[in-house]
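Next come two complexes, and both contain chain A; in the first it sits with chain B, in the second with chain C.
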Partner chain A sequence: MNSGYAVPAVALVVVATVLVGAFGLRISRTTSDFYVASRTVGPRLNAAAISGEYLSAASFLGIAGLVLVQGPDMLWYPVGYTAGYLVLLLFVAAPLRRSGAYTLPDFAEARLASQAVRRLAGAFVVGVGWLYLLPQLQGAGLTLAVLTGAPDALGGLIVAVVVVATVAAGGMRSITFVQAFQYWLKLTALLVPALFLVLAWQGAGAPTHAFDEPATFRDRRTVDVQDTLALKLDRPLTITVTGTVDGRPREDARVTLPEGTHRIAAGTRLTFAEGTRVPATDRGTNGGMSTSLAESREERPLYATYGLILATFLGTMGLPHVVVRFYTSPHGVAARRTTVAVLALIGLFYLLPPVYGALGRLYTPELTLTGDADAAVLLLPDRVVGGVGGELLGALVAGGAFAAFLSTASGLTMAVAGVLTQDVLPSRGVRHFRLGTVLAMAVPLAASVLVGGLPVADAVGLAFAVSASSFCPLLVLGIWWRRLTPPGAAAGMLVGGGSAFCAVAATMADFPGTGNLHALLAWPALWSVPLGFLTMILVSLATASRVPPGTAAILARFHLPEELHAEVKA
Partner chain B sequence: MPADPAERRVTVTGPPRRSRRTSGYYRPRTEIDEQTTLGHTYVRSLMRTQLRAALVVFAVLVFLVGPLPLVFAAAPEARRLEWLVLGFCLYAPLILLARWYVRRAERNEEDFVRLVEDR
Partner chain C sequence: MTGFLAGLLVAVLPLLAAGFWLGRRTARPEGLGGGLGTPVEYATFETLHTASLAAPPLRAGLTEETARRSARRLRTLLGTDALCLTDHESLLVWDGVGGHHRTEIMERLAGPLESGRGEAFRLHCEVPDCPVRWAVIAPLTVDDRVHGALVACAPRESAVLVRAAGEVARWVSVQLELADLDRSRTRLIEAEIRALRAQISPHFIFNSLAVIASFVRTDPERARELLLEFADFTRYSFRRHGDFTTLADELHAIDHYLALVRARFGDRLTVTLQIAPEVLPVTLPFLCLQPLVENAVKHGLEGKTGTCHIQITAQDTGAEALVVIEDDGAGMDPVLLRSILAGETSPSGGIGLSNVDDRLRQVYGDDHGLVIETAPGAGMKITARLPKYQPGVHRTARLTTD
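Moving on, here comes the complex of A and B:
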């Protein structure tokens, strides 16, 4: 493939990341610089940094791949990722900043004056953070493997080493610059090739059948099936086969498969004629970012769409790397304005993945069969534009993809390492923060090597569902409801987050559920979020005597504008 | 030269302007600072206004987004509409909603500061 330019592009991104990080290091001097960049990051820089951190592998590669395989329903993902910020702005942004805490566990402790709740929140931060780090490392491995044929673990290893080095050396100040730089890099890396792709598409007479179901092959296309898969046909299909279909070996034979399910063995080569409809596949776990146990098309009732909407809308506010960013704003008003800028920046970015998804349906429909749908973004420039130009554009996209892994992984590592340093390791201080960084990255790296084939969309969905049903109730009720008690908060987080975690874990472990039960378990947010809220409220009401004594003063601090609030403290 | 070094240098400062201007007046500000029941009432009123602003915008969001999956499910032939709406048409309204909310929230806070500062 186009490894000639891709490797230098990825190397360039890595070197630039280290250099920008080193630039931040020169002005990162105090402990406060280290954790929250001394809270002096202005809205624009901070917004670019937050967006850079937020646009992960799932956004850069995963959405286009999902859309390619499963159609426009999957566009709810980017809409949800963006709307999550609006919900965060409405209920959380300014009070969270005014709470004056460093991390989510700090918030829990400040609000509820309870060490137990603090530790529980810390455990959830580390859990959600590790769950979210895993897909970043796997995505990096996939990208490098697709582009250069390197071993799967290598990309993840590179990302892990660079991230640990930048985070441990420079802390938050340096990361802020790195993230802001990487937002613009990612936007360019998708925007420029997209412009060329659209031009090439227009030049080809702007065919539009990509928008209609199902996708068809534009020209004669040969597909090498890597993993055994089951084709589900609702009408007869005529193809040329070399390999094994339904247990019968064939050699360059033209066969017409009748309706029904057909097993295509690994290593089979299929040739589709022009205009053939792309058949639907039925596959199990195969490690691609775009395939999920929970999401074969027929099993996605309306319920699943609403579950996805709820999880992404409410889960964003609890993602550890998102929350920690708000403490770097100078005051509550700036935190709000930053959030609006973030909405604009990520909204702008998310206009692009649908373009890749649609063109992918048009130009690379065979990716749905090979299981490499996530590679659509990487392969399209070469396929559509071609020549040296296509290779250069492909290299640009590969660099951007690496920026995506690096930035999200840095933010998550930062958040997880902060919690580990403050709550787990024996003493505080910058040296221990560095130890925490290594620890924060070592666990998901080991897991990504060991687990290997975990479907990435599931890991991301799990992180959002757990966050929506544990941190969302804690933040919203903690900020707006006076009668929240420590036992209530702990019970709500355990019941809501715990049940969401168990439900998705059961789905991943192939729990033999069918129909409604399966959908309920695969998309837990619709019941686990209300469950979390309800538990938190009911237990709090039952333990009304344990409302922390300083609640009124704390809520006043959360909500009063800074000009009043500075003097309240004095 | 004076014998006592403490007499040698004296820092001369004026009284803090704000406290002079406000001393002797009854002010809601003091109530909040001293966390009296009345002060809590002021804070509660601010919280309620802010929560109302947030809930109004949230309701608009739910109203905007909530029915969409139903619409798409009811009209499966309108694939292009789904592509268009989900892919490109929702982000601008989200940003406008956010700006609207920020303006309201900041105005609420300004009004509140004016109220308690007695300006």
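Moving on, here comes the complex of A and C:
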């Protein structure tokens, strides 16, 4: 793809983010503007900031990629990502704000008055944060590789350096404005090209076979296979090949492959005729996760779908970078209003990625072969609209994608670095915060170099599963159940979150490959969340004598509106 | 293969972290390990170490919770089979074997608790192979008043145990005395807060009323506005619920205060604000920024005929809010300032600074005191770091030791 406009667009987004972050709110006011200067962040602005921080690479690129590869089943992803806020609104938002906690470990300490539970919660924040940072860096690498042909790791490295530099150099001074700006940027970057794409689609006679199984090529299309892959054919396929198929070198030869599995070596060029069905692939060693998760989904679609729904519905409340933003709301009611606004903003945004996914199935079906399905959003404008307009739209999308990586990554880095500084590193000073920032980013960066083709939406799903199994029980029971004890909370988080974490690690290590057990491990939320709740309840009941003193007062503070509580006390 | 590596990494990292943490937790302080000194010296260190471990819980006073947490260490210190701690009325904890002697011991306690003198006696027991046959009672006294007792039980009579129990009881008493001291210190600080509240205004009230009076004829509308500002400010500073407030409320109080001050000094005083909206919900001790602004106003206008500029900044730095109050006034000699903060001298108005400093240290710990940069003639810059979350700090909480 021509990168004439994309690189400046990405650079512009990076520079704008850094500048707005560093100097955005350096405006001094005199006392006559006092009420302007000391106005709290309103629900709408805060909601835009939360949405900006929340809409990550998974939302921007991943969902379209999944819809492209696997069809409308994947619409559960945007539904889940949005509905998580509904659960947050109903059960958590206002009491969490009234608890006065800034981070999740703070909440654990405020509710249970236990340093041990606090440390454990801190460990899980770091774990979830790292799991969530990983796909952001990979998404950045993918975007830059698709746009400019740069090495895969470069984009991730750029995002890592920019984020660490801005966060460590005194943080985002006006982070709320930066993140709100990023939300509108991301929405624009998807909405405007989407309008043009839909117009172009209409102009082409509005073909509607997007979800025909399997997808077909609309015109003659050449595909360069970058990594060795296995084609699974359930009927013979006629293609033109330059390169090696099934171990036999060929030069611009027309081949008819019989049914069965065929190995296509890296560097091979395949040319498909118009109307050819897009063959299914089994991507050998590279990107084990893409196929493994997809396969288990094919094998047990119902189980996988429920696992996904549970993880995203219940995992949102435990995302470290989301929780800290609620602190900006002045009181519990404002926190609830903010959540409602977030639901609207995110719901609006999530209408767009499926459009890209569906159009991707029409216009760029070969991406399922090259394994760069996540790049569909980036390639579509150029492919469908074409010309300078297409390039400009592509540049806009690329800028938006980088905004997604930067905003989510900086929010996560701040949250993880905060926990590392407070609970892991020996003292709280500024120097240690910088060290924490570097540490928070170094681990996922190293992991992203090690793990090759991890589809971003799937990786984020795993982070959600761990969060749902550890923090959801802690928050829900902590807020709604007065008999929760510190040992119960610790055991529940360890068993629920720990087992989800182990399942994630096993899935990443490609164990056990296929079968029932694999499906269980790839979609852990369905058993690990109930396990977490159950452990927390049973251990709490068994250690009933350890209910922290003052629980009744603490819960009253969580649930009573602030003004009322002040009156009761007075 | 790379997938496997990454999975391994993900699995191993938390394990490594957990191991590191456990190692640090269980590692003995340097020198206790081995190869150090004679057996006698080693035993001494061991004893001192156990004693130091038992001390922290007791520093919070004698309750069921603290007794439970310290009893096991104390029993290790004494080397007995059973140990119990009691207060006046009830047995707080029984650590070790022979728990069925609880009632018997409580019955025997009345005497020692009354007299304040220790006692050793044989236990009567129906159980044939009961492991404890004999008990030593050593009272715990604070300021010559008996607070409770330490009871050590053993299989047979032992003069060593009597002596040891007496010494340990005395050591526990010292810890309890320190706890008492902590409580008095808190009460003192609470009294100081009340004092600061009561003290906030005399001069300020007279001056404000005088200014308002001066406007009553010339500009009644302005006078009315100022009266309302005055009412708002006094309502805030005399409110009674909770010892904490939000940064937003405190800033509003400062605004009312500044409106009254500006009415008095007119153009001689300019103030600029730069406030990150993210930190406005931060909870902080009630009236701990207003005295700093009052101080800045005083220093800024002191002995100067020109104008004074005050800059108030609140920044978001992750888990903390950074509040800076800066004036370009007369400044102060750092030596004098140090003695004010140490409570040695209290010139007019100085009490505000040292009180704010004390309260911040009390609430957030010693590394969160005020940082003041100043020199004579160079203005003054006061920096306060306020954590966004601190256990026990919320809007309706009361200031306590814990």
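FYI, the second predicted complex is superposed on the first by the 512 of 570 C-alpha atoms of A that agree within 3 Å, B and C clash if a C-alpha of one lies under 4 Å from a C-alpha of the other, contacts with A are read in each partner's own complex, and residues count from 1 in each chain.
We take it that contacts are C-beta pairs under 8 Å (C-beta built on N, C-alpha and C of every residue); 3 or more make two chains touch, one makes a residue touch a chain.
All values derive from a computational prediction rather than experimental measurement.
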Inset, instruction - Quick one: classify A:418 as touching chain B (first), chain C (second), both or neither. - result: second
Legend entry - Of chain B and chain C, the chain that contacts the larger number of chain A residues: C
Inset, instruction - Applying the touch criterion given at the start, work out whether A:563 contacts chain B, chain C, both or neither, answering first, second, both or neither. - result: first
Inset, instruction - Would you check which partner chain A:443 touches, where first means chain B only, second means chain C only, and both and neither mean what they say? - result: second
Legend entry - chain C-contacting residues of chain A that also contact chain B: none
Inset, instruction - Give every residue of chain C touching chain A within the complex, in rising order. - result: 1-11, 13-14, 17, 21, 65, 240-242, 246, 248, 251-252, 255, 258-259, 262, 270-278, 280-281, 283, 311, 315-319, 367, 388-389, 391, 393-396
Legend entry - Interfacial residue positions of chain A with respect to chain B in the complex: 71-73, 75-76, 79, 82-83, 85-87, 89-91, 94, 211-213, 302, 305-306, 309, 333, 336-337, 339-340, 343-344, 347-348, 350-351, 354-355, 358, 480, 552-553, 555-556, 559-561, 563-564, 567-568
Legend entry - Of all residues in chain A, those that touch chain C in their complex: 25-31, 33-34, 37-41, 100-103, 106, 109-110, 113, 119, 123, 127, 131, 170-171, 173-176, 285, 288-289, 327-331, 414, 417-418, 421-422, 427-428, 430, 433, 443, 446-447, 450-452, 501-502, 504-511, 549, 557, 562, 565-566, 569-570
Inset, instruction - State the interface residues of chain B toward chain A in the complex, per the touch definition above. - result: 29, 32-33, 35, 39-40, 43, 46-47, 50-51, 54, 57-58, 61, 65, 69-70, 72-73, 79-80, 82-83, 86-88, 90-92, 94-95, 97-99, 101-102, 105-106, 109-110, 112-113, 116
